[in-house]
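Here chain A shows up in two complexes: once beside chain B, once beside chain C.
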Partner chain A sequence: MKFDTVIIGGGLAGLTAGISLQETGRKVAIVSAGQNSMHFFSGNFEDAGPAKERTAALFAAAGVRMSALEGVLLMPMGTFRQASLTLEDVTVFPDEHVAEKALIVNFTGFHDFYGTFLAEALEKRGTTCRIRFVRLPEMEHLRLSPSEMRSVNIARAMDEHWEKVVADIRILHKDEDLILLPQVFGLKDASVLDKIRTALPARVAFIGTMPPSVPGIRTQMLLRRRFELLGGTFLMGDEVTSAALHEGVVSSITTRNLDTVRLFADHFILASGGFFSKGLVSTPTQVYEPLFGLDIDYPEDRNAWYDADFFADQPYMDYGVRTDAQLHAMKDGEPMKNLFAVGSVLGNTRREDYGTAAGLAIRTAFAVADIIKGGNV
Partner chain B sequence: MKLQEFTASAHNFEECMKCTICTAYCPVVPVNPRYPGPKQAGPDGERLRLKDPYFFNQALKYCLNCKRCEVVCPSGVKVADIIQSARIKYGQEPPKLRDRMLANTDFMGRLARPFAPIVNGTTGLGVTKALLDMSFAIDKHRTFPKYSARSFEGWLGRREKEQAKYDKQVAYFHGCYVNYNYPQLGKDFVKVMNALGIGVQLLDKEKCCGVALIANGMPQKAAKNAAHNVQVLQKAVDAGLKILTTSSTCTMTIREEYPELLKVDNAAVKDSVLLATRYIWQLLESGAARLKFKENYRARIAYHTPCHLERLGWGIFSTQLLKMIPGVEFTMLDSNCCGISGTYGFKKENYEASQAIGKPLFDQIKSVHPDFVACDCETCKWQLEMSTGYTVKHPISILADALDV
Partner chain C sequence: MKRNEYDVIIVGGGITGAGTARDCAMRGLKVLLIERHDIATGATGRNHGLLHSGARYAVTDQESASECIRENMILRRIASHCVDETDGFFITLPEDDLNYQAKFVESCLAAGIDAQIVDPKEALRMEPSMNPDLIGAVKVPDGSVDPFRLCAANMLDAKLHGAQVLLYTEVTGFIKSGDRIQGVRTYNHQTRKCAEYYANITVNAAGIWGQHIAELADVKIGMFPAKGALLIFAHRVNGIVINRCRKPANADILVPGDTVCIIGTTSTKIPFEECDGVRVTPDEVNLLIEEGAKLAPALASTRILRAYAGVRPLVSADNDPSGRNISRGIVCLDHETRDGLKGFVTITGGKLMTYRLMAEMVTDLVCRKLSIDKTCETATTPLPGAGGKSFREVAERFWENPTTVQKAAAGRLGTAVGRFQAADSVDQSLICECEEVSVGEINSAIERMDVSGLTDLRRRTRVGMGTCQGELCGCRAAGLLAKAHGCADRARTDLKDFMTERWKGMYPIGWGDALREAEYTQWVYKHVLGV
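For the complex of A and B:
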């Protein structure tokens, strides 16, 4: 099967590159081995840097609204981070004194939202907090199996019953100027967020939960839909098993599901993610990129791969596929002619040029899409 | 040192890292509170069941086996296989008479066929439906699929000589549905293959693929059918034939469930069992054959990918073929389960869940308002026709309609 570009990986980097190419009428296929780390997304595009406006425009066309306000974000465990580009679910505060009084509302039995941590962090910064719980008869069935009291299941119930929760919160609310809620709203339709903000008598902030991330899943669905609407081919649940390489050129790849029907393309983009997504693999003796055997720099001494302090920056997070300046992936010291690497598979190897995390994903995706569109390969 | 080789677990269940993505995409979880969800029913539960079979939960029967959990799993865990294997290994409840009736699709077909006009006339009646509902717990909203008075096998058998005239040949695994309920799909398939210059042969007496037997707690019988089918498929492979299919579920069952769930080795035949859409697409793409379409063919088609086709990853062949027909206006429907899942939706206790699962899809079809819906699955067809009122056609039948022959 012939495409202009085949992208390996259907996460943030793969979809951003795919949409960007498909917007100019190129024929793109994305091979996605299962869902991706968008399902763990905090909603903040860290390091988006110079790509802010462009990202917001691409996402807006897919139906994802964003904001690029300056300020800080309140993270799930009560820490703060600098805001970059954020999904509309995320509230940006001017500073860490987020309010005089805050009402933190959680669902009874929901263990993936840490009200006490939030309260502790906010109290330290001069915000008086009160934690209250709500429960709905419509959600009681989730409690039959405590492990299923998870963000997405609550969100599904909330898609239907959010008004009842809002009514309960209105009763709980006293004189607080801020109401904190877990991000379990608007799984299908983000317009619910604004409706809740309007319906409550104080400023509302939606705070991240433990995974899966409801805003992340919604964003993923909308981006995929946009890609397919533009004519892109999304091969979900399939994985690349081998690639045909010859003199620095990838001519085709083989996937598990399509086996003998190989995917041919002029360009290939590797957006297979980091260790979590198996775009990078480590064994007791080596770190490698499993599809093409691309070059990765890492020390031989395994003890140098990690820091025994669990919370320290881990050296292995820096390991990733080597590229040239135009993000051509390197193999045996030579850049591949038509294979690019984008997103987390780069590790932190391109921090200076493209940043890290979500910023790395979108900025490298745009860079490669531009190179391909410019024919300047 | 290849540590991983020594730590491989059945259906990869040790790879689960509890991310809950499978639960997020499970169609049953939002509609049936009694179902614990794929993570809990699959890898989590497996850990407990390995400790003590006492932990087997009868609620696993609510799993549709739609495989959506496997398609979305980022860690390659065969979640649905874990659940279905657990049902096979630990499931104690013997199947009810109703389940036996639903599961034995070929037996029921053979039984009903000689009396097709009477059976068809009767199953549509309100009084029969009420009776089936009361005595067998087959939901009264459902209409039993019509039985055909003449089997497809008989029809093709009578054309053996005519089909043998073609230089190129394929074998056809038609499945119970084409044979007993809807021979027209088989006839359409033969028409398309003949237009490509290919003759169609029957296998040496295929049996039901066994999917309904697995779902209804009769794995031993399913394994027997599987062993028999692998044998007759092998004969076709030995004769140098590809075996084409029109049912996405039969295909998924033969290719994936035989080794994974039934422990029947299909390695020698697996690669030769292909959906007709895939085979035809490859022929056309390689330029080895061409199809001539009617100049005035016009249709607004909305395509629904059945769950098992999604699992195979072969929906792309159906959609590419449909888009190839001049005059087709194509809409891809969102990836959703229709809720019928073979015999599941026929059961009284599942009716409401079944309709709730399918609702987003029904709503989307109504809003797209196509001339008809395209889909590769026979039971999706019943569900969508009953629930939306739109006609559902198999891509092969659409090709046959659009052909200029």
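For the complex of A and C:
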């Protein structure tokens, strides 16, 4: 099989590059292992930088609604974060005084949403809070298995029964000017969020839960659908098994599902993620990039890989694939001619140039797509 | 007797202190136990969890060996829910001297340990994870024991017999009158308040920190801090304990416990000042994996969950720099006869296996001093939760068709699991998926077992001890604690401490899947949850 570009990795970076290239009619394939960082996405791009409008446009075309309000987000554990570009159901407040009175609603037995933390955070900032629980007979089957009360399972039930929850909340509501709900709505169809907002008697804010992230999963599905509608080939649940390299050029790869069928392409983009996604692999003595054996800078002494403080910036997160200025991946000190690296496989140090992880993913994906489109390789 | 007056004050909330509190309380004494941190924070919670048969000491220390086997048999009865009767092998590898085996078996039998030579092929059939190159195997009645559960059960029973327990309370000095200790001065780290408590006798059961406690009383005990590092693997690779049949050395015991197995230990002399912050070094990790793989080759490719280290409370006897040749024997000091200081005794040395005997010895001494004539009953009275045949049998007493969550709870709590009988489906929902700990079990621990934070909760319920090392359950349990204590700020700070403590044991083995898990966890906490 021959493509213009083959992208390894179906997360935010891979999909952004794929859609961007496919929009200009190129023939692109994405090899995706399945779960990726989008499933753990807070929905906040924090700083998309100069790519903000372009990101919003690409997402809008895919049906992903964005909010470009400047302000703060209330995080699940009751802290605040700056936001300038978020998914639409990630509520942005203009400042930290969010309301006079707030009603926090959770589902009985759902332990991945923390009303107590939210209430305390809001009360410190002058908001009076009430926490109330709702319990639907339609969801009781989830309790048969003790590990089923999780965000995505509730979201599946909510796709069908959201109106019943809204009716319960209308009964619980007194005079609050804000209602806080967990982000478990609109998994299939984000328009439910608007319907909930219209049906409730106060302003509604959707607040993050423990992973998996319902907005993140919905976004990933929409981006993938957009990519496929544009004619892209999305190889789901597959992984690259080998690559043919010769004199700095990748000619083809093989994947586990396609077995002996080789995927040929003019360009390859490595968007395989960090350690968690197995884009980078570590052993007691080494850090390496497993598909192409690309160059990575890291200290030999393993003691230097970590900071003893769990919450500090960890040195190991900085290690990533070395590239030239045009994001050509380096191997044995030389840039590969048709292999680019984007997103988390580049490591954290690059985030200084590109903002946070989401910013890094999107901006490096756009940059590489532009280089390929311009033929300036 | 006034409110702050007791018959006996016990300093130290490890297994020795807990066992002593139980014994004293069962003999009718008014008991106060004071612990600087939480239960089982010292050597009690930082060892193999090996139910020694005594075979390891048979050749070098007959006295310890026979103490071990006697206590081994007692714990199987009184703490059945804490013990896993796995048996153990002592294997001889090609590089070991097979002649040692005969001497080993002879010494075991002399100490009363049922040691049987097993044909290597048969042994390998019984425990397939063992090194297939083995040339000899001896079967002994080793097992595994959950030291947290054992300590908590002793503490709970002491309280049921009227003992009072003060956690997070540090002894800062003694109240002395002439040549007699009359009580202790304390500082509570949670309330930040000082207090004084009085007793006829104060028992120093502070393990390695006993040296410091003795100094506060102006007597000198020369401790010999010996650090031992261990690794926890993410799977139960072996079903039977595996030891090397040779003189005790580094990393020659592999113990299965719950869903994991543990290799250890090293032995390094450390300065007394370092006892509080022991860390495992990369060299120790490498050595443990290398030596461990000789016992069970699968260890070389098995994921490691964490590394940790404890400090043995040995009392120095000679100048052996490794600390291995010092007797593990029990040291019970009457400071009245030794140092002319009345009202103060020290119980130290020994090991997890002999905690009950140590408690009996020191309680006998306390009773003699108080002229109380009561015999010890701890060897025959079961601990709370003991008495079931197996966790399945216990679970079936309370539930018709117990779920895996109910069986897991029965495994942890033994017959005491009955209080969840009426629990509804919300109580059954899981907080910790790795260890199958439910909401009901956590709420019950918060109510009944002096839980002030997540790390305390972990020691009592195993929350956060599984594969994910707390990444998901930490938050969920923090949510329950925030609700129970009505304070989200405290729960959030506590969650930070909990994750920092979990990370301390993860980064020494931070590669491969462990690093993947760590990257994910650090990402979730920082960027998704905003901790």
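Here is the rule we use: the second predicted complex is superposed on the first by the 376 of 377 C-alpha atoms of A that agree within 3 Å, B and C clash if a C-alpha of one lies under 4 Å from a C-alpha of the other, contacts with A are read in each partner's own complex, and residues count from 1 in each chain.
Note that in this section contacts are C-beta pairs under 8 Å (C-beta built on N, C-alpha and C of every residue); 3 or more make two chains touch, one makes a residue touch a chain.
Bear in mind that the values here come from a model prediction, so they are computed numbers and not experimental data.
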Chain B versus chain C as contact partner of A:T283, first or second or both or neither: both
Which of chain B and chain C A:I7 touches, first, second, both or neither: neither
Partner chain(s) touched by A:T255 [first = chain B, second = chain C, both, neither]: first
First, second, both or neither for A:P211, with chain B first and chain C second: both
First (chain B), second (chain C), both or neither touched by A:Q314: second
Superposition-derived comparison: chain B or chain C, residues of chain A touched: C
Which of chain B and chain C A:R81 touches, first, second, both or neither: second
Which superposed partner A:N36 touches (first chain B, second chain C, both, neither): first
Touched partner set for A:T233, first chain B, second chain C, both or neither: first
Where chain A meets both chain C and chain B, residue numbers: 37, 40, 144, 147, 211, 276, 283-284
Chain C contact footprint on chain A (complex, rising order): 37, 40-42, 73, 75-81, 108-109, 111-112, 114, 116-117, 119-121, 140, 143-144, 146-147, 149, 208, 210-211, 213, 274-276, 278, 281-284, 302-303, 305-306, 308-311, 314, 316-317, 356-357
Chain A residues touching chain B - in the complex, by the definition given at the top: 1, 33-37, 39-40, 141-142, 144-145, 147-148, 150, 152-153, 156, 211-212, 217, 225, 228, 233, 235-239, 255-261, 276-277, 283-285
For the chain C and chain A complex, residues of the former touching the latter: 282, 285-286, 403, 405, 425-426, 428-431, 433, 436, 438-439, 472, 475-476, 478-480, 482-483, 487-489, 491-492, 495-496, 499-500, 502-504, 507, 510-512, 515-520, 522-531
Interface residues, chain B side, partner chain A - complex: 1, 3-4, 19-21, 23-25, 29-30, 33-34, 36-37, 39-40, 44, 70-76, 271, 278, 282, 285, 310-314, 316, 332, 334-335
